[in-house]
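Each of the next two complexes has chain A plus one other chain: chain B in the first, chain C in the second.
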Partner chain A sequence: MSYILNGEYWQMSDPTSIPNLLIGHIVMTVVAIVLGLAIAFPIALVVVRYKRFYLPVTSAAGIIYTFPSLAFMALLIPFTGLSPATVLVPLVLYTQVVLIRNIVAAIHAVDPALLEVGRAMGMSGTQLLLRVTLPLALPVIVAGVRVATVTTIGIASIAPLFGVENLGYLIFQGINFSYGEQVMAGVILVSLLAIGADLTLLGVQSILSRGRQIAAVA
Partner chain B sequence: MLQQILQFIADPQNSFRSETVATLELSFIPVIAAIVIACPLGILVAQRPLPAFLAANTSGLVRAIPTLAILAAALPYLGTGFVPSAIALTVLGIPPILLNTVAGTRSIDPAVIDAARGMGMTGWQLLVRVRLPLILPVMAAGVRTAAVQIVATVPLAALIGGGGYGDYILQGVNLLSMPPLIVGSAGIAILAVGVELGLAAIQRFAGPRYLRAGTDAQATNDEESAHAEIMAPVA
Partner chain C sequence: MYKIEFRDVSKQYPGAVSHAVDHASFGVGEGSICVLLGTSGSGKTTLLRMVNRLADPTSGEILIDGTPTVAQDAITLRRRIGYVIQQVGLFPHMTIEENVRVVPSILGHTGHDVDSRVDQLLWLVGLEPAEYRKRYPRQLSGGQQQRVGLARALAAEPAILLMDEPFGALDAITRRRLQDELLRIQREMRRTILFVTHDVDEAFKLGDQIVVMSDGSVMQQGSPVELLAQPANEFVSELVGTRNILRQFEFLPVTLALEPVTDGRHPTITADATLLNALLELIRSGADALVVTDTQSGKSQGQVTLRSIARRVQASSTVESALPETTYDHGAAASSRTEGKVTAT
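On to the complex of A and B.
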């Protein structure tokens, strides 16, 4: 704990101070999730419309998810070097399996009667999607985002091996210099970030669902 | 390139054989240890509401903790080497198995238990001939999640001196040299995908035959829950 409480490690001018590493971790996670959603949404919409693609798409995403992160990032080094892209590409791909499954499940869970009502009111396809389907599907989608976020925070912590600094830096630096305090500081901060994100998104999820039952896939 | 890789594997200096053995040991010992700890614990705990609630929530919390953090946390207390790595990997594998065992036990229809009691089964017979066969498919899904997660984390164990293919990956990253990178990464990737597919096949055959031969809806449900369980954070 003394490492975390030491003011020396909280100076913003130092690029490897705790707040800067924390910001690096959060930025990387947010970028990965936003990119992940941007890719998963269109895929999920296609899969909802053409059901026969569901199994191949989710199976492929599942196999990608099985691929160990350290190995995945290491194999990208020849193409992307030691850059944020080396870490981001696997992070974004790992989010797909959870996000696609949840978006599809969320859209399927919308009562068809409500879509009929919307159509009867003269809504266009886009209006139906944006004003009926998405608001109703949101809690389940957020449940997927929650799982993806916790996963991403965890995997992102190995980024310092590839030259991108975040909270994992404390762990690797501490291991290299056999400095247990620093290792534990990294362990505690990364865990707190993951658990904090988990609980925050759980809160968002229950606010959005407003008492309705959530049947999340993940 | 291929030649360089083969050369790397053949070079006795890289001790490919012993690193392979270390990787396999680091994968299988923690999986078995986690099964031995989590399955009986899950069955015991599931019978009582409060311990079951505690077990489920603690497991959920531990699953949120990044795998790198669990491995690194072993370092200051247990030191470096094979044993701390194996212990940390075991800790990693317990929550998914425990969670599924508890969920599986609690999902058994009480009427089934009543029927078995009515047939005059003893507590032991009830466990071995009714509860276990019914829990097995769900438990197998948990084991699959845990095993894939453990195998995916094995290369990180090299950071705390656990050895295995992680040594190659770290060596490759540090020296920016391709042969060790590819040998280590491909080795661990093949092992992880193999474990996932192998256990998925075993899971299909776990549990009583009359459940397997059931309706398609049953089968897809099992598949769905198994997949849902695989979403554990892997780092």
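On to the complex of A and C.
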């Protein structure tokens, strides 16, 4: 704890100070999740519509998820070098399996009677999607985003190996210099970040669940 | 001209051997309640869903105000037709207020007019706006939810209301209360209502016309009285309970038990009264007979006695019974279900 509480490591001018590493970690996670959603959403909508794609798509995403992250990033170095892209590409791809499955499940979980009522009231396809399907599916989708976010925060910790600084820096630096206090600081901060992100998203989920019970984490 | 007219409508679902609806033809008059009565799987819901084009007929056509539904854009058509279902289907993520204003809002109507319209509708279905506007559906009981369902269906002032077993999931007391409310609202609003049910009592209570369906075919269309007095076949007779003496008392008009007047000094009863009204009046007054007088002119049409009523009810208990071609008139019979005026001289 003394490392975390030491004011010396909180100076903004130092690129490897705790706040700067924290910001790096958050930015990387947010970018990965946003890109992940941007890809998963259209894929999920296609899969909902054309059911025969469900198995191939989720299988492919599942297989990608089994690639060891370190090896995956190392393989990308010839193409993207030591850059954020090397870390981001696997992070984004890893989110797909959770996000696609969850979005599809969330949309399928919408009560068909409600869609029928919406149609019977004269909603167009877009109105049905924006006023009924998505508002009802969002809490479950966010439950999936929570899982993906926590996973991403963890995996993102290896980014410093590829020249991108974030909280993982403390862990690797600590190992290199046999400085246990620093390793512990890295581990604790990564965990706190994951817990904080999860609770924040839980808050978002409960706001989106207005009028209903909070959806269980899917 | 009928408000809704079914012309030789058939519907066969892909892969199904038999027709869900088999050559159904009948009309629904403007401002009336037409009940589709039948067992489950009789095609009544399919018939209903074809009116707002949630399904389209395989053959035949449905006309609304004389225009075939398939000639109209499905979305535009649906926005002019209210729809209420058994599962209610309130949107759980919207407040009561938001649910009621869904149709105006998809039509692009917002603002103060819609606000006051929501209040008006909630009052109409018996919910106090101040108390319920901001609540969510799951905070309401089943009966209250269906009241909101009705308010929502009426929001865009549709001329036609489709109701698919709307009270089927409610307990008996709540169901009866909502049926009464529907009749009250209908007296105020005069919509054309197509109402699906498998509950014979409900059909008799609500229907101006009842269409009896079985296996996709229309068995008979008629007023409750016509179905009771002249069932087209054994199925209708069985379903509406021609042998149900209480129902006959309740619905058959007193004019079906007329015999010649023997003594003009007997108390009178108007011709729109039911057999039950007459029976109760005979018991109450202690008279041997009641003189039946024309509702308008007050002229005597004949008399009824305990014996003539009993003979009528026994006669109806056999399927062969038929309506006599006497002074019976549809309008009078329909109103007799709500009020049978009894006057003693």
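Note that in this section the second predicted complex is superposed on the first by the 206 of 218 C-alpha atoms of A that agree within 3 Å, B and C clash if a C-alpha of one lies under 4 Å from a C-alpha of the other, contacts with A are read in each partner's own complex, and residues count from 1 in each chain.
We take it that contacts are C-beta pairs under 8 Å (C-beta built on N, C-alpha and C of every residue); 3 or more make two chains touch, one makes a residue touch a chain.
Predicted, not measured: the structure shown is a model, and the values here were computed from it.
Once chain A is used to superpose the two complexes, chain B occupies space next to chain C without a clash. By the document's definition of touching, neither partner reaches A:Y9: not chain B, not chain C. Shared-chain residue A:R210: touches chain C; no touch with chain B. By the touch criterion defined above, A:L114 lies against chain C but remains apart from chain B after alignment on the C-alpha atoms of chain A. Within the superposed three-chain model, A:F41 lies out of touch with both chain B and chain C [touch as defined at top].
Legend: residue contacts after superposition of the two complexes on their common chain; A:F72 is shown touching chain B, with no touch to chain C.
In the superposed model, A:Y54 lies in contact with neither chain B nor chain C. Of the two partner chains, chain B is the only one that A:A194 touches; chain C does not reach it. Once the two structures are overlaid, the count of chain A residues touched is higher for B than for its counterpart among chain B and chain C.
After superposing both complexes on chain A, the closest C-alpha pair between chain B and chain C lies 23 Å apart. Looking at chain A, you'll find no residue that touches chain B in one structure and chain C in the other. Looking at the complex, you find that chain A touches chain B at residues 58, 62-63, 65-72, 74-75, 77-78, 94, 97-98, 101, 147, 150-151, 153-155, 157-158, 161-162, 168, 171-172, 174-175, 180-181, 183-184, 186-187, 190-191, 194-195, 198, 217-218. Interface of chain B with chain A (complex): residues 61, 64-69, 72-73, 75-76, 148, 151-156, 159-160, 166, 169-170, 172-173, 176, 178, 181-182, 184-186, 188-189, 192-193, 196, 224, 227-228, 230-235. Against chain C, in their complex, chain A makes its touches with residues 111, 113-114, 116-124, 127, 131-132, 135-136, 209-212. Interface residues of chain C, counted against chain A in their complex, comprise 52, 54, 75-81, 83, 85, 87, 89, 91-95, 102-103, 106, 136-138, 162.
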